[in-house]
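Next up, some structures in structure tokens.
Each of the two complexes below includes subunit A, the first together with subunit B, the second together with subunit C.
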Partner chain A sequence: MNNSLLKVENLKVRFKTEDGYVSTVNGVTFDVEKGETLAIVGESGSGKSVTSLALMGILPANGEVYEGDIHFEDKDLRNLSKKQYRELRGQEIAMIFQEPMTALNPVFTIGYQLRETLILHYKMSKEQAQKKGIEMLETVGIPDAEKVMGRFPHQLSGGMRQRVMIAMALSCNPKLLIADEPTTALDVTIQAQILTLLRNLKEKSNTSIMIITHDLGVVAELADRVIVMYAGEVVEEAPIYELFENPLHPYTKGLMASIPKIHDVVDELYSIEGTVPNPADMPTGCKFFPRCPIGDIECTKIHPPLEYVSENHAKRCIKV
Partner chain B sequence: MNVVEDQVIMEVTNLKKHFDMSKGFIKKTKTIVRAVDGLNFKVYKGETLGIVGESGCGKSTTGSLMLGLLDATEGHIYFQDQDIAGMTQEELRKARRDLQVIFQDPYSSLNPRMTVEELVGEPLLVHGLASGKELKKQVSELLKLVGLREHQMKLYPHEFSGGQRQRIGIARALALKPKVIVCDEAVSALDVSIQAQILNLLKKLQKEMDLTYIFIAHGLPAVRHISDRIGVMYLGKMVELADRDELFEHPLHPYTHALLDSVPIPDPRLRKEHQLIKGEIPSPSNPPPGCPFHPRCPYAQAKCEIDMPEYREILPAHFVACHYPLVNEDTNVLPDIKKVK
Partner chain C sequence: MKYFLKSLVKTIPVLLLITLIVFLLVRVTGDPVSLMLPETATEAERDSLREAMGFNDPLPIQYLNYLRDLVTGDFGDSFRYNTDALNLILERLPATLELAIASMIVAIIISVPLGILSAVKRNSFLDLFITGGAVLGKAMPSFWLGIMLILLLSVTFQFFPVSGRGTLGHLVLPAITLGTGIAAEMTRLIRSSMLEILGQDFIRTARSKGLGEAIIVNKHAFRNALIPVVTIMALQTSTLIGGTLITETVFAWPGLGQLLVQSVNLRDMAVVQAATFIIAIFVILSNLFADLVYRLLDPRIKYD
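Then we have the complex of A and B:
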């Protein structure tokens, strides 16, 4: 584990609401190794996106990390000043979002926004930055890169905007790229293009990728290792093949069984009954118990710990 | 499945919807968006007809036309021997008793100031089918049917989760005992575990109430799961339509093939290089000449740039619009048409 780039320990995040504090990430522990692609899977309300925002230090104003440690290489991210965090973002950790339109500034050209990062972090001249910017756009497969530099975000299609975001994120050679649902808003043929791009990127550079998604298809395409989150906790962690061949937690199993398969049609889909619990009103004991097909009274009494069943496969369930 | 073969419940012929997006007053620039551009297909009683395609292909416009929510520019939509395209508002209102819709986002399609009881009861009240105690009884039966509880009747939409809200939308669509329901991206916004619940519910209701579905979606796995037949749209045109297994196992149109190949498979052992199709969907206001797919098609020939391929029944019940359809390698059923490149 000395190969780890990012180390998150017992991370807890809460939000201030009218009814007091609501905790949406409840003790998440994981690490991202150098050069690996880690997928964080979960449905809405699992806390997967909040976890990534907390890592980037960009939680909304009413949110805060109130416990736990985040280490990136030898830096303790919880103790960084705003200025230090800003330097880290972009240069060492970069992030791409689901909807690039909200992340790109609509009033500046693509070229301006690409150059800005390079001038800021690398003290490049405008000409150098322009050249490097065009190069970056070409790397992510944008045709007519020079022309695109002069365009505004709204003049590009969704797939193009996502490529621009990736180009921008990669322009400073980050060590870690956090991709939050990077293909969810895209059409399926464009999604295939972006996934291929991310896969090639990993092969060419040694960038670690942390991909956050609800889509097990995307996970299967990209990840080396997977963390499954439910109600603000990690419920299972395993290498990719291990997870798909031998899922342990009933939630992971249910999730896999409930996706319609394109090559294997069944009459009725397996479905996990009920819905994700409200963070303000969490069940005591196991949080998945109300929806669990195998749980019993014991599960309501103890909150199961995350246990390793082998060197790298962990589960949070006392019944399996 | 209670599909009654040959019993056509809806038929669409040469359906077109063009939007005039012309701008300017003095210097007028004429722009016509051909959202739907000449569709022909039938819907059989009791089946689920899936319509898939990427953004801008015209699938949702097709759904709106079939519901009479948009006026067709050209063509006909026959529903039980009446043409929806030529109906007056009054006639449409009557037809909608048999023709209902479920939308993608139940939160924006449900009035936030109405309780579930009012929402589900409204169609019955509007059509004068029930009132008072009878209305309440019917609403509670509808809620039970979609898996909601009677005590939830007095709640408002915001008090429900996404999946439950979709159930309210379904109950509302079922209230008038319709014959056909258009499901426009009905499960697209839901989490996978909830999506499975709703897909199962829709299937169960179809059996119990003898419903016909037109299931419009971009998510191919869900469409394959629920549909009996599937049509693939591209730039306002139907490029292929066939029985679902036939379509998934032996696609004839290169676009269908590329679309199916792009779907990420949730199994890391099947990880592979995708057969990427280059470029993006052209704008429907300026479609390419000839076959609309030719600029992106890996098999395009000179003919494809000039002639629009005819949409025809190339094999029994398998329609395709392509000059050079792909050969089914297992059976070699199209020996006269060679796979090029």
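Then we have the complex of A and C:
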């Protein structure tokens, strides 16, 4: 695929804890093509957020990428100097976060926080940045943009703040936008607005989007292709329609079954039994085995590889 | 602005209460007359002095008389110095304020960089060194530090005068002595406050924008971390105005603390009352000032 913008190969991330290193991302491989929207799906603890922080080079101080490659266009991100990485962040790869309530600095105005990125990366003057900032706020559908520039984050609603975050992230026209659960903390009606906004912006700007979520509804709304992650690994990869039509991995099927359906009357909603295993204490063999409805003794012996069943559909399971 | 006017009005009952408490305390702790007259004075002489000073009136009457004089700025005369008590205080006040401000500057100069550094390099050797130093600074008695500074920098090396007030040089050692203790406390507070802020989501946002570490730490984080620090600064300023007796004594600094303690010992009522009143005003002012600074630092705080 020579059209790929981001190529992640065998990425492994670990954290230093009091009991030694704990690996939370265990050999993740995927790529994001130009203009594509890739969704990474998984429940809490599956390593999806850590993967995105690793790509941005902003892992917490006790975390590190200890194996694998990250290529962004022709750049090898693991070998960038701190300065080169900083220039990349915010300009070529931008990120929006889950919690719009806390993701903006409470003591600076919206305008200040918007201008900051522009002045930093584009060396704009304050006036130019102000103008561009207002323009960006208008692009993300904020009314009274000029006034909002002078407001503080606490004076805006959650949806507005997420719009500001998006405006900030897109202000330098990044090639890749990483959106980490961008709608999780918002009301349902606001969620829909934000998703529509992201879709429209993508159509206009040809920015690739990598969206991280546990919400398959969001995936269906936005994504071209999906990666399902479980316990720090990719367990299934498929184009969006393929995945919804024909999910292969029992974990993916479990996720699909967990979505309540309006026409079925059931006493109890479906959920996948158990929880994601503790990274410090991973099962040998298939990591999903303890929660798997179809696994047997064979699954405890071998760690299944990611196998392609068709050109673009891959699964990590020996039973299907 | 309206908030501050309101706050000023609210200080009136506080001040009244303070005058009442001090008024009662100086009267229940002993007979001032016995110290004003020689031991050989007869009971009749004592009685006539009490009568003349108004000490035989019922307490409420005495208090009202005291308040009436207070409103005109008359706190009475000092028994010991035989001069107007308020003038005595006002003479000492500049020395106290000068030392308080200088100590605070020393404390800020020491604690801000050290607190930030130890938060950024947390759990490193440097952090250990700074936090260890902060515990030491807090534990070190100020009279000991003051004397050591004098021995080293005034006696051995003769950089600064040993004691007294006058030049800027006189100010250095007492300011370092007082500033060190405050810096120790502020360093630890800045460290923990910075640690908390550095873990916040908006710091991650700042990183994701590609900002440099220096801007993230000194601007995005520090501005937020300052808010609790201002509270401690206001409290410490209050202490500096009233309670620096030991340092004042070590350096023969002619401040309020010394005067107040001497006056308490001698039951010099007028001076005690005037001094506590003036100190109370400064405590209130420093708190109001802290309120004002909060508002400048944190737009979420609104008073009305």
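Worth a mention:
Assume the second predicted complex is superposed on the first by the 310 of 320 C-alpha atoms of A that agree within 3 Å, B and C clash if a C-alpha of one lies under 4 Å from a C-alpha of the other, contacts with A are read in each partner's own complex, and residues count from 1 in each chain.
In the analysis below, a residue touches a chain if its C-beta (ideal position, glycine included) is under 8 Å from a C-beta of that chain, and two chains touch if they have at least 3 such contacts.
Predicted, not measured: the structure shown is a model, and the values here were computed from it.
Three-chain overlay on subunit A, with subunit B and subunit C fitting side by side and no clash.
Contacts of A:Gly90 after superposition on the shared chain: subunit C is touched, whereas subunit B is not. In the superposed model, A:Ile262 lies in contact with subunit B only, and not with subunit C. Contacts of A:Ala220 after superposition: subunit B is touched, whereas subunit C is not reached.
Of the two partner chains placed by the overlay, only subunit C lies in contact with A:Val107; subunit B stays clear of it. Once chain A of one complex is fitted onto chain A of the other, the partner contacts of A:Ser49 are absent, as it touches neither subunit B nor subunit C. When the two complexes are overlaid on their common chain A, residue A:Thr196 makes contact with subunit B while staying clear of subunit C. Note on subunit A: of its two partners subunit C and subunit B, the one contacting more of its residues is B.
Looking at the shared chain after the overlay, A:His154 reaches subunit C, while subunit B stays out of its contact range. Here the smallest spacing between CA atoms of subunit B and those of subunit C, following superposition, is 5 Å. Subunit B makes touch with subunit A in their complex at residues 54-55, 161-164, 191-197, 199-200, 203, 218, 220-222, 224-225, 244-245, 248, 258-271, 273-274, 276-277, 280-281. Remark: subunit A residues 53, 56, 58, 86-91, 94-95, 97, 99, 102-109, 116-117, 120-121, 152, 154, 165, 168 touch subunit C in the complex.
By the touch rule above, subunit C contacts subunit A in their complex via residues 200-202, 204-212, 220, 223-224, 297-300.
Those residues of subunit A whose C-beta lies close enough to touch subunit B in the complex are 43-44, 157-160, 187-193, 195-196, 214-221, 223, 240-241, 244, 254-256, 258-263, 265-266, 268-273, 275-276.
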